[in-house]
Structure formats: structure tokens, C-alpha cells
């Protein structure tokens, strides 16, 4: 579906955000869309992008120029059209009675949490935002409490965002709920934390995707219940269900 | 070589002209450049385009949106860069003592004659411009005398431009010189006219081109002297030397 | 309006556009993306007697104008297909080509016989790009003798139209096309994916966990058109052409080369409604060109 | 600065980047486009004993991320090559790989022997994707027995490094790689073009007059990398990898898969100075990654 781009700008640092026309079709935080880069057959496949907001007839995505597809995307201008399919996948579904909502975000993995917070303005959320360096923390989210970690120590704590999470007092609480999106290593660490601390959690997995709607089987995730597809059975999976491979 | 596009506009009808920065490197009318459409590998090959002018540090090309390559070209905007190699090939070389210079042009094949006339302002030239319909006559050239022919009769003579050429009084003159650029059928007809009337002529042949500089051998033209390459031995060939195939 | 109906053995399709196996799930995933009644048919993901989990990740990567996949023939198995998928598929009104495979001739025959008995399966497509575990892993589709035997034994076991899908990883496809015809199949589909490989140079690991995978998409179209032409000029049974179709012109290339119908694979991922669009555009193209019957295009290549 | 020198038999190249046959003319056409001393070598257009006019037009067409060519091995012949081209080539200081072919084993041997004697030719590359007119047109490069015999007889006739260039239009490239090694060649280059076809649907004519042509360019890279890997894990002689290289990452894919050197073909048309750029970028990449010797990359694929 071709949609008109209304705004397309750099967020400073490594990320760019793109807003395009989109009706409020009930898309939920954690879901994603598939973006077609060009009408050419190279690059051929669509690219999955988390929904970073949906408000007033505009959908936002926030992306990192990672390779050829996203660099071509960065060349598009406001006024031009972008071809987007979706929304696809499962969403974050924090339990109504959770005592604390802890959001663990790595780099551009913060994008869905912007949407989550916008849709849950009245629920208190604590953000834990990690990246390699300052540049990787470019998504600003109106969390009620925010903690940062950088591998180079340029912002707040030097180290892993999961270390900051572990130090948080809310972790003592079994009714807390953790949600995470970011690199695999981080997700795995969060998963192990959830299991160890017996805290409920949701993990958004970014697998390579061919289609985004469940038919190519390119995005298999091994779970206790067998192969699942990251695009329709995920991207948001319950913590404690994934069989991690090295 | 990446060059900045200074102007890019529709000429009305089917043609568009693009002006980009280019030093006056001695390029001559009849020569062409090879334009890279995109950094993507699809479309892969450069597209040959006649030089329509070179003046004040700007080169112009005029093109017809014929297929995928030229449609993508049409999307480029002033201020962006275009990747151009050249100039390549032979040029029109009308004899100094020709009594009349007769330019036979078909459709977008008029482009090199714009450059030819600009470089030969003081030489009298007669233009014969043919196309399927009015839309195909969109290149305006300050010839000293201009005749038109359209297949649908929408402009001047209904029929072939070569018929108009044959009716011209200058054709009685053995010292006239004919130059032609356009579709193959037209070129072949002009070639036969030159031979029959014993008038010297030059034909610019548009063969499919892979490289533009003589190495792929994709542009072979059969001549009395064996295979020639349209890109380095042409595109401008002497009339009476081509072995036409159906 | 031009006639769009084409015939594959005893099966008549409303038009020549079929969605290719492995790119259209079990069809039901597309029920909200296009009108399944408006396309010729769809081919299911390759089915085997037993459910299969497939290969480890990563299973796909992108290449210039193409992609490599090594899904490893993951599928729900015939039981679940019959009990869970087929009832839903039947409701859509789609024409169904059941794609299937085995690791031994016996498995092929058994799977084919079961599918032949299932209500709502209209034709069988046999994927022979699979290693024969009884013959040291040589692919069924690479040896004419093996292939003719396999085709003949499956033929005996089924009454529905039998299509054999050829592998392009051969020196010459013509003896294999002959083998399929001699074995009694109703049609050939060509081509399956080309064996390819790609490397992540940063990690120096193959981009596909199992190292090799199948190359599909526009990149392979010239190879596919060539093989379809070679098949069509070798055998009399109808050919279903596929490999890299993205536009109606691409589909026409296959028809003109000698295909009676076409399949669209990888592009279903990029444009989920493409099969319906191409069926529609093909019909309009025929009308615009004054072609009364799409079958008149088949094999209409003009040689100079 | 990392060592960039690689060895093909007795020939040492300044770096592993070679311009591929048929895409670099006779080298002299590129003298004003790049510094020929800065690339490993270039391969000439395929040479035959006698001059050849090649195939009728059209000879090329574009395909998704690729092109088809059917030039028909047009070349100036060995006499003109020696008397007209070679003196000019020698002035450039380029390393020259003379690509050659024949229609019979005798022609191959005769052409090879002549090139072996020419000053300024540093290595020979034998194109075996040609029909054997004595054997009913079967390609020399498709039959291991024929190929080993051909290689051995050419080997006897020449002292310069002998490279045999393999065709990808085979079911399994490994027996052919073995045949080349057994025949005594110094190296293998792989791959030549894939047999392809494309049709102009408006005119219904093949886009290539001779119907079939060779598919090259980025589209075929996954097939090429796979075949290079298969060759490199089968034989001990060095492999020269090619097929669709457009970036330094692409070149690295081939090295990591097991190639000692690479060739760049079609992309010379699009970016005439690409070989020099890639040689430069490869050296910088090694430095940035702390690789002391480009040969350390060769076959460094990590399997999980």
C-alpha cells in the first residue's frame, strides 16, 4: 500500500524517523510493518520496522541506517510515497495488575516502546536504555523513570543495560513485568533474568524476515512448543519459552 | 563521474531535458554519453544518450521515457547527482564545402542536431523532422528552414520524413550533405537515398550498448569493411557503408 | 474478453496464474490479501508424510534481485494438512495443487496416494529436488532413469493430474523432461531454485546456516525461461513456467517460450496480491492485443 | 600494509584483482581509465587461431541485476593479437592472461602453443564453454573425461601458467574441477556465464538473435560463490573466483569461499575503473581488519 510521507527527519545521531499517512486500524505497540524500499528488484525484499507511533492518522517508524535497504530508505523525501504493509505480529500485553512495568531497550529497539508509552500514558513505566555509545540512545521516550547504560561509558553507567535492570529495586517484586526489545544477546540475558527472578516478561525478537505474514518460514524461532514464526507468533514472545541457540 | 544536475524539466509532450555540470572537454555533436541510472544493480547497465548541447559548463541530454531506465532517470531532481561517462563515439563532420546541409531527424533523434546547430550557428541547415505524431516533434531546433512530417498527419505532411526530404530542391544538388539520426527504418531509407542520389551522408546508428567504449562487442554493425562497433567506430557512420539486415 | 482458461491434464484453471509452492503457505494465509477464486490455483508448501521441523536459522538471505532460502522443507505433515488446513482451504474456493516430496520412492508414492484421496486437492505437484536417501543422496531430479521410475510409480498410485517439478541444477534439462513425460506425468513445472551460497564477510560465516540454499527471484528468470523453452521444445505435455516472475511481461515471456501456465513465487512475499493482479493484467493484455485465447500465446516465439 | 601478492602457478600477481575475459577488450581500451599496473592482471577477450566475426545482432540484453550476451566469441585472431594488440599492451606494463578457445582439441593446443611463445603474455586461460565440433557439439567443459584429456594435451604444449575456466552449466562442478587438476592445470577459474534466454513480448522474438546467451552480473553471484566453494573444497590448485562482483565485500566472499584471486567482469562496463578501486579497497580492508596477508583470507569460511 503506497502511503504519503509527511515527515522524514534525522533524530540526531544514528536514527531517522519517518511519518506517513496511516488510518488508525487498531495497530498495537510491539507490532511491525513491512516497508518496500524501491520498485526495483534490488533490494528485493521488504524490511521489517516496528511501529513507533500511530496517532492522528500518521504512523511513525524510527530506523537505523544499517545497510543498503535503510540507506535507500533515507533518500526518500516528504511528499513522496512509501509502500508499507501491515500491521503484523503480536504486541506487548503487560498484565493489568503488574506492580511495575520495566522496559529494557537496546539501540533502535526502543522504537516500539515509544508507541507503548504513548498508548499507556497513565501507566507508570521505567525505561532501561542501553547502547554501544551515546549515539545509540537517540530515541527519546517520555518514561516515568529512565536509566541508561553505554558500553563505552559515555552516558551514565558503563556496561550492560541488564546490569542496571538487576540493580533496580523493582526487581525484588514478583509482580513486576519486564518487556524487552533489542539485540539478541540482550534479549537472552533478559530472558534468563525473568526465569531466574520468576518475573513475567515479554521479548520482541528480531529475526531475518522474508514475508512478515507467516508464509516463507524464514523467521523460525525455536520454542518449547516447537518452531514458531517470529512474524505471526511473535515478534513478542513470552519470556521463558524460547530455546536459545548460540 | 558524478555530476550535479542543474535543470531537469519536461519539454512538453514526450521528452525531458536534463542539464548537468560538465567542463567543455571538446565533445562534438553526434557523440554520446553513458548515464548510470542508479547505484542499485537493477537496472544494471548504463544508458546511451546523445549530447544535445554543451555550453557554459553545462551538458544537456534530451530523452524519451522509453522504459524502466528512463523512467527512473525522470525521477531525479535538480540538485541531485547523475553518474555520466563520456563523451564517446564519432561525430558529425559535414564537409566544409557542402552546398546544403540537410538534417533528417526522427523523434528523439533530433537531440544531436540541437548541439550540431549550436556549434555551427553560421552554417545554413535545413531540418526534416518526422515522428508518429505531434508529441514526437518536441525538440525545437533553430534550423534555418524546417519541415515536418507525421505519420498521423497531425503536423504538416502526413507520411514519412524521407518523402519530404526527397521533394526538397536541394536534393538536386550533388554537393548537398545529408545527416540523419532516428529509427532504423528511417536511417536505412536515408542511406538508400544518399546512394541513389550520389549525395554524401552521415548516419547516426542507435544500437543496443553494453559499455559504450568498445569492449563488450555488444553493438556490432556490419559494414563493407567487416564488423564495426557502433560505440567507437560510430555512432556516426558514412552513408553507403552499412550492410543492412532486416 | 479473451479466453483465459487453460488445461493441465484433466484440470481446467480459470486462468494461467498459479501461486508457487513454499511462497504461499497453505493458501489460507492469503485469504484476506486476494480473492483466491480469481487466480488459477495455488500450490501448497511442500508436504511430506510426517511433519518436519526444517533447518536451523538463518534460513534466508537477500541477494541481487533474488534471495536464497534453506527452509529445509518444514511442513505440518499430511495428517495436520488434512485435518487442520484443508477444511479451511476448501472454504476459500481455491484450486489447490498439493506440492509433496519424500526421501524414498516409497514415501513419494505413499504421500501422493494420500493426497490423491483428499477432497479439495485438485492436482499434485511432485518436488524432485530432494536427495534420495536410498541412493547415497543423489537427487531424484538429476537422473533420468531414477526420475522416470519415480514418476511412473507415483503415476500408478494417483488419478488426479500429476505435475513433476524439475530442478535447474542439471547440465541439460531435456532428458529429464523426457523422463517425466515417459513416466506418465500430466505436466512439468520448471524451475525450482538454483543452488547458491552467500557469505557474511564480517563474520566469515555462511549467511545460510546450512551453507547452501536455493536461489529464487528475478535474478534467475533468464535461466528459467531458457529451461522452459528447452522443455517445451522437447516434450508434448504442458509446461508450467516459473522463476522470477514480477510483471505481466515476465509471465508472457514464459507463455511465449512454451508454458501453458505460470507460477509466481518469491514476489508473493513482496506483493501478497500479485497473483490476482497478474491474472487481471494478463487478461487485459490479451484484450488490448486482440488475442482471443491465452492458449494462442503458448509457444508463440518467433525465430528470425 | 598487508601483503596483497598472490600466486597462480609460477605467476605472482601484485594483488588478487583480475579483469575478466570479454569485458576488458584487449586491455588497451582501459589504458586511460585506470592504471593497469595497479590491478593483478587482465584477461583478454577470448582468442582463437583465426579471426572470428561473431554472432548477428542483437547480442546483448539486460536482465534483473544481470545481462545476457551472445557475442559469439568475436575476436581479432592470434595473428592480429600478436602483431597489433600485444605491442600496445606491453607498453602498459599490465600482467596479461590470454583467454583462448578452439573448436577441436587440435585448435586448443595450437592456440595455446602460440600464446605460450608470445612475449608479454603471462598466463593462459582456457575457455572450455565451447562446443566440440568433433564430438557432436558437446561442450568440452561438461564432460570430465573430455576435459581431462584436453587439459593434459594443452598442458604438454605450454610452459606458462595454465588456468582452465569452468562452465556453470553442469549438474556438479566437482568432477570437472578434479579433471582439470588431474590434467595438470595450474589453476581453475570459475564461473563462466549461465545459459539464459529472454523474450521481447511485444515482438515475441528472443532478445538475443541466437536465442540463448550467457547470463552474467550480480544476479549469478550466489551460484558462482557456491561453485567456487565446491571447487576449493575438492582440489588443491588455486581457484580464481568470478561472477557478479561489484563491491569489495563481493570480492571478499569469493576469497573466503576459497578463491586465491578474483575476476571482475560485467561491472567493467558500468564502472571502467572498478578493478583498480577494488584492489585498493581490498588492501584497505585488510589493513582495517588487521589482516597481514590477503592469502590468510583464502578459504577462511567459518562453519557453525
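The first chain written gets the first letter, and so on, giving A, B, C and D; residue counts start at 1 in each chain.
In the analysis below, contacts are C-beta pairs under 8 Å (C-beta built on N, C-alpha and C of every residue); 3 or more make two chains touch, one makes a residue touch a chain.
Please read these numbers as outputs of a predicted model, since none were measured by experiment.
**Student:** Looking only at C-beta pair counts, which chain-chain interface has the most contacts?
**Tutor:** C-D
**Student:** State, to the nearest whole Å, the distance from the C-alpha centre of chain C to the C-alpha centre of chain D.
**Tutor:** Their C-alpha centroids are separated by 34 Å.
**Student:** In whole angstrom, how far does the Cα centroid of chain A sit from the Cα centroid of chain B?
**Tutor:** One centre to the other, that is 54 Å.
**Student:** Using CA atom averages as chain centres, what separation in Å is found between chain A and chain D?
**Tutor:** 46
**Student:** Which parts of chain B, given as residue numbers and ranges, touch two or more other chains?
**Tutor:** Only 41-43 qualify.
**Student:** Out of chain D, which residues touch more than one other chain, so two or more?
**Tutor:** As it turns out, chain D has residues touching two or more other chains at 64-66, 217-219, 246.
**Student:** Edges wherever two chains touch, nodes for the chains themselves; is that graph a line, a ring, a star, complete, or other here?
**Tutor:** If you draw each chain as a dot and join those that touch, every dot ends up joined to every other.
**Student:** For the complex, which residues does chain D have touching chain A?
**Tutor:** The contact residues of chain D facing chain A are 64-65, 218.
**Student:** If we count contacts the way the header does, which residues on chain D are in touch with chain C in the complex?
**Tutor:** Chain D reaches chain C through residues 63-66, 68, 142, 169-171, 194-199, 201, 203-206, 209, 211-212, 215, 217-223, 225-226, 229, 244, 246, 249, 252-253, 256-257, 300-304.
**Student:** Enumerate the contact residues on chain B facing chain A in the complex.
**Tutor:** Interface residues on the chain B side: 38, 40-43, 72.
**Student:** Under the touch definition given earlier, write down the residues of chain A that touch chain C in their complex.
**Tutor:** It is residues 36, 41-46, 85, 207-208, 210-221, 226-227, 245 of chain A that touch chain C.
**Student:** What does chain D use to touch chain B in their complex?
**Tutor:** Residues 22-25, 29-30, 33, 45, 53-54, 56-62, 64-67, 69, 71, 74, 217-219, 246, 266, 268-270, 272.
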